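If you scroll down you'll find the structure; I have some questions about it.
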Amino acid sequence: MSLYATQLECLLVVLALGTLLTDAFRPTADKRKLGLLLAVLVGLTLVASFLMHPVANTFFHGTYRLDAFALFFKRLFLVVTALVLVASAEFADRIEGGMAEFYALVLLAATGMLIIASVNDFILLFVALELVTITFYILTSYLRRQLTSLEAGTKYLILGALSSGFTVYGIAYIFGTTGTTNFDTLAATLEHGATGAAFKLGMLLVVTGLGFKIASVPFQIWAPDVYQGAPTPVTAFLATGSKAAGFALLLRVMLVGLLPVNHLWMTLVLVLAAATLVYGNLGALPQRNIKRLLGYSSIGHAGYMLMGLAAVNALGAGAVLFYLGQYAFTNLCAFLAIIAATKVIGSDDIPAFAGLGKRSPILGVALFLAMASLAGVPPLSGFFGKFQLFAAVIERAQWDSRYYALAGIGAAAVVVSLYFYFNIGRAIYLQEATDTTPIPVSPAMRVALYICMIAMIGIGIFQRPLVDAAVDAASIFGLR
Amino acid sequence: MNLPWIILFSPLVAAVVITVFTRRFQMLSALISIAAILIGFAFSLSIFKFLATGGNLELIQPRPFQWLVIGDLVKIEFGATMDRLSILMLLVVTGVGSAIHIYSVGYMKGDPGFSRFFACLSLFTFSMLGIVLANNFIQIFIFWELVGVSSYLLIGFWFEKPSAAEAGKKAFLVNRIGDFGMMLGVLLLWTQTGTFNFAELPGKIAAIPAGTLGLIGALIFCGAVGKSAQFPLHVWLPDAMEGPTPVSALIHAATMVAAGVYMLCRVSFLILPSHTALTLIAWIGGITAVMAATIAIAQNDIKRILAYSTLSQLGYMVMAVGLGGTTAAMFHLTTHAFFKALLFLGAGSVILALHHEQDIWKMGGLWKKTPITFATFMIGTLALAGVFPFAGFYSKDEILLLAKAHSLPLFILGTATAFLTAYYMGREVFVVFFGKPRDHHAYEHAHESPWVMTLPLVFLAILSVIGGWHSAVPHFLDPATEIEHSNLGYVLLLVPLAGFAFAAKIYWKAEPSDAPVKAALGKVWTWVENKYYFDELYLWIVKYVQGTIAATCELFDRWILQRLGIGGLASTTSIAGKTLRLLQTGNIQSYAFFFGLGVTVIIYYVVVR
Amino acid sequence: MENLLTIAILLPLAAAFLTFLFPANKPGAIRALAITATGVSLLLILYIFSQFDRSQSGYQFVYSIEWLPSFGCSLKFGVDGISMTLLLLVGFVSFAGTLVSSEIHERQKEYYILFLALTTGISGTFCTMDLFFFYFFYEMAVIPMYLLIGMYGSLPPGKHGRTKEYATMKLTLYLTAGAVLALIGLLTIYFTGGTMDIEKLQRSVWVASNTQKWVFGCLLFGFGFLASMWPFHTWSPLGYAAAPTAASMMHAGVLKKLGAYGIIRLALPLLPEGARHWANLIAILACFNILYAGWSALTQKDWKFVIGYSSVSHMGYVLLGIATLNVIGVSGAVLLMFAHGIMAALTFSLIGFFYHQTHNRNVPDLSGLARKIPFIGVCMVMAAMASSGLPGFANFVSEVMVFIGAWKQGSTVFRIATICAVWGIVVTATYLLWAVRISFFGPFDEKWNMLRDAVGPLKKFPYVLLIVVLLTVGFCPRLLTDIIQKTVADKIVATDSHGFAQMEKR
Amino acid sequence: MIVHDTLFWFFSIAMLLCGVLVIVNHNPVASALSLVLLFVFLAGLFVLLEAFFLAAIQILVYAGAVMVLFLFVIMLLDIKASERRKFRWLGIIGGLVIVAALVWELAFILIQPIQPLATGPAGFQAGLKDVVKPLFANYMLPFEVTALLLLVAMIGVILLSKKELK
Amino acid sequence: MTSTITLNHYLIVSGVLFALGMGGVVLRRNALVIYMALEMMLNAANLALVAFSKFNRLVDGQVFVFFIIAIAAAEVAVGLAIIVALYRRKQTVSVDELNSMRL
């Protein structure tokens, strides 16, 4: 039974170990092919995941859930992992060594994320979170020859450790004041339990830790450096997988464990959302390095999603899930295109992308669409994501007019973000390339890009499937 | 009863056909256009006959159709009024029009834009007839604008001549200013009565407070001021002489410029009750009359002299309206149409004879060379001056009587104008046709015009002679009235004669010149020579007043709105972005510091506070 | 039958997808495809118009698919008097636009894809009956416009020293800024009314009156951005100047009308109280549009800037008509949207015609063109006349309607506004005749000897088409006014008993 | 329970002193050693709290393995005894402010006594068995994940510190 | 056996330790020392947990501490590896020299 619940995780672990073993026995194997093979296998795992169905009761003595929410995220993480593996395979030639281990680590991190999707207990939360985080320390500093990579690794390491320190301390206080680490029991306790200052402290410190994962103000400050320094596939994984994991936890903790005391944290999330929106979108304005810019942009998007959380309603929760879903495709599309392009142009600076549309139509259109989707322009998926989030906020605003201010800030942020996203679009299509040698794109990359683009446009126009999935997943919170 | 429709639309059809199909076949185009207007003339005559033989107007009322209907609030018809006024005007327009159409064939011969010319001419005829037949204010406004545009096109017919292009533009814009007032007047009237229809309006006038009615009258009069080139909007008409002479004859002498007067007569029910409006109109008319006449004495362009005389004659008519004598106004309008058209065509024939020479001081002694032209021109002159028994005498007589009856100052103005008219016409005739030829080369080549041109001259000459006999027009307009014949008329006959005598004394010599008059008038001469500097004044206003406003707007747009407003917003945003970047020092400890700071602040706000 | 409308709307989009599959090296085929697509959709629209039941005020040809039950939103198309009129506008302009796009020579594939997508986006906005899809299509113009202007546009280095990148970015930002502002208002309405169906909303929802005030503000200014309402107009002349011919036709002709349409379709009927609260301000801003933009146009040297400002000034009449809140004025506004759309498209296509050959559109640099290109000259004069409200053209009718409506509204503000508006016609005539006189009349400048006139029916067709439309509506306005005013009376200004009725009766 | 109290005060104060030393020492070796002491005293506190098993683990893992690792690295990199004497006042002040603020806030929170829930049985004893049994019952999954985590750490350390790259 | 030492005493001690750790992270530039400070913070958490589990009479806290210690060890290993790699590349462990990426 428990095995059934964790079969996907087990599959990934098996894949990881298998990779290590093949590498041990046949070190000469083509690493690129290996990566693509793994991607396919993960894809199959994803297919398999659709055979599973939500289960009402918990597993492992209440520490693990396999509800719609969990499945939604597991599938999301599998998609992300598959595409990240493709990205890594395309990136393989830029990593001096240990490619197999790289894949293995990606898979193990993915395992951690899949567990995170089901976490229902603070202890498991912490352990799984650490599994992901520590793996990312290694992945971030994987390019040992590049100072930027190591530097990013160190920063992520220290700040990450700091945040997990806060998390643990917070968990300690929650445990101490409520006597439980299980979300359901916690909620039950909070229903009728008076909550003292100590409990609030614990709550805030946990929020701190999770806020760090999703790069929300004031814990966002690591993001730009790490995004810029990390190997691009890792950046992609950070921006999509790790962030989604953070939100998965945040939603679980806030909307299951801490839902009864939402009056304590709604205002806080509201303010954080606004601050994050402002910081991310303003900070991105002067950036020239595309990865760094995407770092800021991921802060901004954390802000958008926090809008959905701050609204504390069914619409909002569903909106966040939908947003994460489409955001993964959009971001991966961007990063895949960047990886393919930088292979030739060799620089992450936006001006270097000038004339990309001419040099490689597919990369041009992919990157442009990704940017447009991030900016939230129809008919791309990002548009509907934002639409839902705004809808959620406005719905809440019907009772609490402060939320109109939040919506206003969000609106302003949309306009500002349009500027820097379309600046990239400008480089791609409006500016002439200095050297016009065409950029080759491997078939695998093409496939991945097409998948992303079709997803972006498809979800953007036919929103219903993803919306239904998200709403279904969010239904576990029993919000109105 | 569809005759009116046929009359109205056949020129339009002609215009369209010419533009679309027969542009290349010049004669065909001309024929089509002439045919169209002749049809109009014929039908008008038949209607006239029908009426003259005691036919009932009701029988020939065409059914209007609803052109624009909005709820039950706005009903704008497209109809045709059939009454004596409009029928008279129909006759004038189509009759004189036909003559001029035919004349044009000769005058425009060989011009590359021959077909275009006739297309425009037909378009104009259509618009003019539209004004005549209109049965409501919106409809009249529509055609009002259309004649404006066709005159724009015809004045600027030789568009490559900058002066012509300018003149066309000027005419259109000045008229627009008049229409501005007219539109407002119509709107005001509508809000008061809820209808635009001439038929329905009279019943509802009584309800309007006197002040408002006066205002309405004045505003609508603005339209007439523009169209009929009354002071202070008269400046466009002289420039309009840049157009081909037939155009000047048809549009800027006989018909269009008279439209203002016609419109006033059409809506007299609106004006007559309001004393203020009447006074205003009368005085504007009087002033225009005398002012134009004075200007005319110092002009050297054969057509411009006629143009100013047109102005002053229009002044007469408007004055007549202002004095409540719509009949008299229409009477003078009719006769004026005849002889002024005649004069213009005559001038045109002269100009053609001298190969487009318009300066009277380069002419002279032409009566031998162009006898018919001379004879007809002479008739026109006498008629215009109001010499018995020519048409002008009777019509002008009416107006002066009216003036005498109502206000002495206006009567004096009128008489003075009469005198001046005779004087400057005498000047023109003597300088152009008598004395020794001054430009011998031109003189040698001068020749009488072909029959297509002389025929209309004769036709119009006849009309100018008989046009006023038995006060046919007033009788036709309202058979009821009985024209009283006072002896004053015959006294007034002395005025033009005096004018001629005076002119003759100065100009009837081998080498006439303005020198003596110049000497006599001194400063005044320069003023009238420069048309009282109206153009300069308006130019100044346009250049400095409007120019300044426009420049201000543009600067505000560029600097305040775009640079300061939008640019400011944008730069503030980007500055904010750059400042945020300062946090991102890259130093781990500062990062940790911000991290801790964030935590402490949050704890402070949520827990401690 | 119902599907006809949907087909007409989505046909261009389908063609865009089809084009995507075409090889880029067959521009001829792509162009042909685009022309056929827009042409056929125009024919369909005309057919729909002919089948349109003129006695009804409600939506017709309604076709709806359940789309997002969780949002209560469905893909629902339908036309009433207003949408019908504007749909016709889109049909004509897009068709003419594709025809004159022959000037585009490189990257034609992308060009036509974008243009077709834009077309569908706009007609979708006009015909959708669903709040969400209204916003969806409304925003869909962003990408095509950005790329069309950015990739194919041209902005001669003038005194402004602006690049086309700047222009297109500015345009995009304005469009989005307005959109998101409006979105807040729209969502508030949605949560008050509980449905996305505009028709249902009009029937059921009654927003609390103090909410109405600020929500209307959101919609007014949000849509006002796109309607180039003063002082949010500065993007518009610049944008047109930078855009390629067809894009400026689409933009000045149609896209700009989306803003006004949004106000008429959503703000007026759903927020009557708010409307009355803001009416005076709208009227005042409208005057600014009319006169201020007109005067600014007087100082422009670049043909496209002249026309750009003039179209800003014309939107002033539309806004004034909207502000009147009575059947005459609002109907006038709608008709004016149509008339001005066609007229602006015509003007821009003509400018494009000679600019494509001269690569110079400075009014003073051109002189006497009428001799070399008489046809274009004639069309230009007609366009100028139309835009300065000459009878016989549709513009006159609509402007008169606006005047009457505004004058009827009666309050001092509106009286003064009307006077300004009527004077605006004089100003319009001033700058247009000036421009025409300088560039087309006067002595011909030999340096433009290489100019070739539009020869042959095919080349002349787009211009003739637009002119004919203008004249037709100008001579028999009831073709459109009847259906427009029916809808306006029943659906827009008289949706509720809260004052509009009285306003009608005063 | 005077003994208990005095021991508590002794351990606590000593531990905190070590903590201060860790921070203020300029020589990393000294910091490391004071950290070892800190761990030991902490273990002492564990004992006072009757968490004998954890106390043992604390000594073994921390004071043993972890610190050895630290010292080993320090020696390996033979980092200069003292850092450059460049004081960044801003940093110092900032750090102190944070510490002060945190302490103040914690004090504010902990000033009012927290009532123990005391849910468990009165004679609560956390012996070896009590602590270890849950690892294979309630907390089996975390336990497995920890295993994975160690594997990850192993791979990572090998990769990052291996000299030559294939 | 009434002890005057309450839960709060332990918590305050752990709190101070936690704050010290935080201060160490902010104040020190040596990556290794920073890392030690981080360990101190984790230990503060351990102390709090153990104290809670004692006074709440719940064993879960101690189990959690067990996990924390294990994970901390792993984390230290990885962290030190990274620091070593960094030192190899840049010959320093002083973190304020790591600012190649500021923009």
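Read from first to last, the chains carry the letters A, B, C, D and E; within each, the first residue is number 1.
Going forward, contacts are C-beta pairs under 8 Å (C-beta built on N, C-alpha and C of every residue); 3 or more make two chains touch, one makes a residue touch a chain.
Computed from a prediction, not measured in an experiment: that's the story for all the values here.
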Next item on the list: Work out which chains are contact partners of both chain A and chain B.
Entry: C, D, E
Check: When you check each chain against chain A and chain D, which touch both of them?
Finding: B, E
Check: Would you say B-C or A-C is joined by more C-beta pairs in contact?
Finding: B-C
Next item on the list: Mind having a look at which chain is the central one, using mean CA positions?
Entry: C
Check: Hey, how far is the Cα centre of chain C from the one of chain E, in Å?
Finding: 65
Notebook entry, point to check: Cα centroid separation between chain B and chain D, in whole Å?
Noted result: 102
Check: From the C-alpha centre of chain A to that of chain E, how far is it in Å?
Finding: 27
Next item on the list: Starting from the mean Cα coordinates of chain B and chain E, work out the distance between those two points in Å.
Entry: 97
Next item on the list: For chain E, jot down the residues that touch at least 2 other chains.
Entry: 7, 11, 18, 21-22, 25-29, 34-35, 51, 56, 58, 60, 63, 67, 71, 74-75, 78, 82-83, 85, 95-96, 98, 100-103
Checklist line | Residue numbers of chain B (touch at least two other chains) | finding: 581, 584, 586, 588-589, 592-593, 596-597, 599, 603, 607
Checklist line | All pairs of touching chains, each written as two labels joined by a dash | finding: A-B, A-C, A-D, A-E, B-C, B-D, B-E, D-E
Next item on the list: Enumerate the contact residues on chain A facing chain C in the complex.
Entry: 318, 372, 377-379, 383, 387, 390-391, 394-395, 397-398, 404, 407-408, 410-411, 414-415, 418-419, 422-423, 425-426, 429-430, 463-464, 467-468, 471
Margin query: So in the complex, the part of chain D that touches chain E is made up of which residues?
Written below: 1, 4-5, 8, 12, 15-16, 19-20, 22-23, 25, 28, 31-32, 35, 38-39, 42, 45-46, 49-51, 53-54, 57-58, 61-62, 65-66, 69-70, 73-74, 76-77, 79, 83, 88, 91-92, 94-96, 98-99, 102-103, 106-107, 110, 113-114, 116-122, 124, 126, 130-131, 134-135, 138-139, 142-143, 146, 149-150, 152-153, 156-157, 160-161
Checklist line | Sites on chain B touched by chain A in the complex | finding: 573-574, 576-578, 580-581, 583-584, 586, 588, 591-592, 594-595, 597-599, 601-603, 605-607
Margin query: Per the contact definition, I'd like the list of chain B residues that touch chain D in the complex.
Written below: 589-590, 593, 596-597, 599-600, 603-604, 607-608
Check: If you look only at chain D, which of its residues touch chain A in the complex?
Finding: 105-106, 108-110, 112, 114, 117, 119, 137-142, 145-146, 148-149, 151-153, 155-156, 159-160, 165-166
